Amino acid sequence: MSKVATPQPLRRLRAGIVGGGRGAFIGSVHRIAAELDGQAQVVAGAMSSHPEIARESAAAWFLERAYTSYADMASSEAADRNGIDFVIIATPNDLHYPVARAFLSAGIHVVCDKPLALTLAEGEELVRLLAAGPTLFALTHNYTGYPTVRQAREMVRGGQLGEIRKVMVEYTQDWLMEPLESRGNRQAAWRTDPARAGLGGCVGDIGTHAQNLLEFVTGRHIEALCADLSSFVPGRRLDDDANILVRLGGGVKGTLVCSQVACGEENRLSIRVYGSQAGLEWHQQDPNTLIYKPAGRPWERLSTGHGYLSPSAKAATRVPAGHPEGYLEAFANIYRNFMDDVRRVERGQPPVRDYPGVQDGLRGLRFVAQAVASSRAGSVWMDL
Amino acid sequence: MSKVATPQPLRRLRAGIVGGGRGAFIGSVHRIAAELDGQAQVVAGAMSSHPEIARESAAAWFLERAYTSYADMASSEAADRNGIDFVIIATPNDLHYPVARAFLSAGIHVVCDKPLALTLAEGEELVRLLAAGPTLFALTHNYTGYPTVRQAREMVRGGQLGEIRKVMVEYTQDWLMEPLESRGNRQAAWRTDPARAGLGGCVGDIGTHAQNLLEFVTGRHIEALCADLSSFVPGRRLDDDANILVRLGGGVKGTLVCSQVACGEENRLSIRVYGSQAGLEWHQQDPNTLIYKPAGRPWERLSTGHGYLSPSAKAATRVPAGHPEGYLEAFANIYRNFMDDVRRVERGQPPVRDYPGVQDGLRGLRFVAQAVASSRAGSVWMDL
Amino acid sequence: MSKVATPQPLRRLRAGIVGGGRGAFIGSVHRIAAELDGQAQVVAGAMSSHPEIARESAAAWFLERAYTSYADMASSEAADRNGIDFVIIATPNDLHYPVARAFLSAGIHVVCDKPLALTLAEGEELVRLLAAGPTLFALTHNYTGYPTVRQAREMVRGGQLGEIRKVMVEYTQDWLMEPLESRGNRQAAWRTDPARAGLGGCVGDIGTHAQNLLEFVTGRHIEALCADLSSFVPGRRLDDDANILVRLGGGVKGTLVCSQVACGEENRLSIRVYGSQAGLEWHQQDPNTLIYKPAGRPWERLSTGHGYLSPSAKAATRVPAGHPEGYLEAFANIYRNFMDDVRRVERGQPPVRDYPGVQDGLRGLRFVAQAVASSRAGSVWMDL
Amino acid sequence: MSKVATPQPLRRLRAGIVGGGRGAFIGSVHRIAAELDGQAQVVAGAMSSHPEIARESAAAWFLERAYTSYADMASSEAADRNGIDFVIIATPNDLHYPVARAFLSAGIHVVCDKPLALTLAEGEELVRLLAAGPTLFALTHNYTGYPTVRQAREMVRGGQLGEIRKVMVEYTQDWLMEPLESRGNRQAAWRTDPARAGLGGCVGDIGTHAQNLLEFVTGRHIEALCADLSSFVPGRRLDDDANILVRLGGGVKGTLVCSQVACGEENRLSIRVYGSQAGLEWHQQDPNTLIYKPAGRPWERLSTGHGYLSPSAKAATRVPAGHPEGYLEAFANIYRNFMDDVRRVERGQPPVRDYPGVQDGLRGLRFVAQAVASSRAGSVWMDL
């Protein structure tokens, strides 16, 4: 008999999910990302407050335990010795804070879709909650999971660009170029509703990704901004477009542009950084490539999967060079680093926190608040 | 209490794997692809004939059952009413046939990495085995899983190109540009060894992908070829480069080029098709895009995730437009269609077989055999 | 004897040039552009105030008449019945106004490199001079000569984009990323000297090209701006980088970015226009292509030399599709339209003025003045 | 008085043209290319055998002397001490030989559009004529005039690719995808007529450009080929498509593909060269860029106008980096080098011959002859 005993010092982590019921694209993304490396399985969920949808959604995912109340889920799972190790929050924005609070209070680690919360006050409350205990928190600013983005950060850190002078970051789409919110589109409805989405529309939904990417790559904070927000679609209650001048620490200047009415754009997130010795350029829709522009020499096209990349970029790749990886894999890299921390904490080791966290969430909330304030005041400069 | 009963008319499928032990990149690819949509889980494996490696590999994947003999695994799983629904074969080429035979004989469905077998005779034996029973067989010509490749096939089928005249297909890499097989690289060792890889080197390893892609997109077979195979690296026993003239049914002519010594190329698989009314162009390293070139009009760039695509292309996408998907997702599309068939067969429905199968495998073996024969005879024309 | 009499109802036009002596790249550009279509020849010049350089420069170009004083040249050529039909001004900026005034006063048509003048007052004086007489004036905002740029203008005009909402225009370079002005580079010396270049550095030198391109393509004026100008290179007296928010007529909003310290950029001029029905994108370094992005349909790549283009785009191309044309040909298109007007005026017909003129020059001067004023006042909004 | 004496040790060269009458695109190209740098002027022409067209064409170009017979032109110009220095042959292929012979016999230098002649015998006669005297001969394989192509040649020569192994060259178009020759298109009529175009259709018209480019860049000759020629358009008398396997000196292997029925392609000429240490890639439709792919390092994008290029590449550029140059400028580079030789010969110096000549023309004729012979014999190998 050739069957052998399998030593299992480890086990798959157990995850739960709140939100992400049928029809919600982002729920599936979280599940795939969490499970991609075989290190976790989603086993429980409060995927909808409608019992029928909750039941069907859970069945579709073969969940072991389905809830209709996230609060019940938090207490029940916390009390179960085989309960979940962490929860995924994939609800509309207005629930991020209460759900996160419920699970953190129950001692369960949290992976939360961005934004952190609806308001700065909520965000600060989460900071306090996390400071008080050992629970971990990740915010899925997923684009920082791309290996090329990690490479870019390392190159800036390593001085390969010299002194940073100028940045250009952009995130443009067109999915809200028509008034979908008045045509029955549920995603559009809550994302353009101040009560559920928060102060910012486009600037909150995708502008924060651009801001986070910019700060991640440059290692510097936006210190001031001057924002011109627009609502191009008649009747829209939140901004759907923003042009923003930014100033970062160290005298860096630049622009941050986002739009959800840029006709023809799909998910055009890009960043350029110019230093005194070299430039960098990256495009999310060509994610396996990073352009490096050293002064007086030919441009170089760095590509994932190669030995010449930094360790953190290499660690974020699953397949050899030339086999494209994309959005899901980058998302999964956030989970991978988070789950490594979950295991560290379980082993009594300190977490490494190589993923976006609650402080990144706070910065995003401040960015939105000041962009909106700037624009309302006539597009004047505001400190951040 | 909000916990609800989860109706589970379905369950996750159970998969096993042969091969893919630690260090083998393709094993992980199969596992991720099989599990990506949450419809299956790999629970058993004969991942190595070395007990220690088998054990460690199984533990790393949290497998429930680990074997050191694929024959034992086939009989044991077949006898278990909770045994695997299908097996994944991710071994070197010389084991594809015996492993497939063992599991098919045991009544277990098979997903086999390409090539189908080492020899035509083996391949024909598998055809006979499959003809005799209800078991399913998929061959992972994974590139046909890309939504853009499916779109291309639909456009050719739908007549959007007119009469096809000319094709150009290419698959170039550089990973064998040095004699790695004599420097301890195990992948290189077996892939350049006729006893384990088969008649063809480069032409077998990646040339068959190009041939399969060409036939998939055009819906036509290569009927004759004239091949010029080379072994550029001194001491290499199999070809590492091939330039091939091809003639397809219906008067179509073209070129098929493959190389594993094309310095600087990563995984450059591309296809172009020219018809009497339009052309098409696709590049695997920019996989979410398909270029359509109608006569006398601007080129169009079709992109995944859009409503204007064919149903089969839309069905092969998991995220909205502008969120890049890549190699793993395309691979998973092969599994998704295969597993849909597994469920159909379990429900007593006829399979749809919208994935590469044993006949595609036979065609690949013939292609390699004739390419090698053509080249050996002085690069003369051979029928296929 | 087969020699035949050649009827010559027309003759080549005779051009003169001021500036452009040896070493000045832009002088050659003007000569090539003026002569490219065989409709004119440069026959006279005041290419330098140094007699020796004037003589050598003229000899190198086989000029018939060389001057060391532009004033003498103006009067002498005006008095000569075989004198020049028009003069080209290719001097540093501070001479544009006096030279233009001299030739216009002498009744000689003028093609002037941009900017129009050093100050708004000078520019307005030229407007008055031109209003008083029949002489023609072209300002070489050469990028509007590209056929694809003309196509873009026609598509906006024709309503193919719907209502314009958002624009992004950029002109970035890196040639001044080091303090060349203090290292003996003569071009850098005058271009960073307020006395010779004017109020603006980068914003004047290339920002005005971006502003002109934006207004040309959209058919709308920048009505207000908020500019953040920088001098990144220590010791530099004029700006070498600018990030500008702009608002155009009709509620259009956007960004205008220019830089001469953007490491790795060569001459990256690009424009994007987003409307309620489609978007457009053009890059000067890929000048034969225009991207059109209709809502809900694939992107289209329009390419020069095709029958589907507008008449004005077709008229601006000299070779069939796929034969790249570039900077010199676009420059020559400005000359071609200007020279057609010269011939019209000679025939007593009204000029068509399909090239940038004195009003465009005035707008450029105002743009620079307000950008500088905005930045000095703390980057506040200024009307234009 | 500031007018100064212009020393004119040199004068503009005087050129004549045979062919190129109204409607012939290539005639204008030659005129622009010859005159671009201000070193020559076309002053005489036998642009058509129809007196009226000859007269009108000459008038449109402001020619001083118009002929209806090239033979008269040759003798008349040779007898005139102010006669032309060189003649440009821009006729259909069947006249290349007789016209070249007439002018060479008259002692006048020749620039001839490709191909050299209709037959090998004619080509060899021109070799003899040139061997006998001091007259110069250039064949406008214009694509070798691109600075990036010159850079590629230098990099191969300098060993930056190591040992060359594999090449891929392509020239595809679609302008003959319909039977234009039967619809009144004069260009199509003569180019598909064996009596006027020669043995080869597509393989002669553009295949030779690909062959010449391949040999120019690699510095190696095609020694054998196996060609599969097609006439896809019903009724066409010459090939309109070719797929060719090639073997070059030194064990280099590859493919040469050309087509005039490749729907959607404009003028897609490209070359790739793979060596043991690096690869190179160039595309005519993106002509200012050259991709260099060193083993194990990022791809580099070399760009025209930079200091890191070879002297011969730098010498072939007229404007700074980022200002695109194209087809006409590359064509003009052939003329520039040829005219430098004309001046050398006039000064009694030996010519440098850095442009395609009569031997290149002979190789092209042999290439066409053997490609046609190979295809007719069933696509078998033929030596060259």
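Read from first to last, the chains carry the letters A, B, C and D; within each, the first residue is number 1.
Throughout what follows, a contact is a pair of C-beta atoms (placed from the backbone, for glycine too) under 8 Å apart; a residue touches a chain by one contact, two chains touch by 3 or more.
Remember, it's a predicted structure, so these values are computed and weren't measured experimentally.
Asks: As a test of understanding: of all chains, whose mean C-alpha position lies farthest from that of subunit B?
Replies: When every chain centre is compared against subunit B, the largest gap points to C.
Asks: Could you tell me the distance, in whole angstrom, between the mean C-alpha positions of subunit B and subunit D?
Replies: Centre-to-centre distance between subunit B and subunit D: 44 Å.
Asks: On a C-alpha centroid basis, what's the spacing between subunit C and subunit D, in Å?
Replies: Centres of subunit C and subunit D (C-alpha means) sit 33 Å apart.
Asks: Determine the centre-to-centre distance between subunit A and subunit D, using the mean Cα coordinates as centres, and give it in whole Å.
Replies: Centre separation, subunit A to subunit D: 55 Å.
Asks: Using the touch rule from the top of the page, what residues of subunit A touch 2 or more other chains?
Replies: Residues 265, 299, 303 of subunit A touch two or more partner chains.
Asks: Which word fits how the chains touch one another: line, ring, star, complete or other?
Replies: Shape = complete; every chain linked to every other.
Asks: For subunit A, which residues count as touching subunit C in their complex?
Replies: Residues in contact with subunit C: 161, 165-166, 168, 174, 177, 226, 228, 230, 232, 241, 243, 245, 247, 253-255, 257, 259, 261-265, 274-279, 293-295, 299, 378-381.
Asks: Using the touch definition up top, name the residues of subunit C that touch subunit D in the complex.
Replies: 1-12, 25, 28-29, 31-32, 35-38, 46, 51, 54-55, 58-59, 61-69, 72-73, 76, 173, 175, 265-268, 284-288, 303, 305, 318-329
Asks: Within their complex, state which residues of subunit C touch subunit B.
Replies: Residues 292, 296-303, 306-308.
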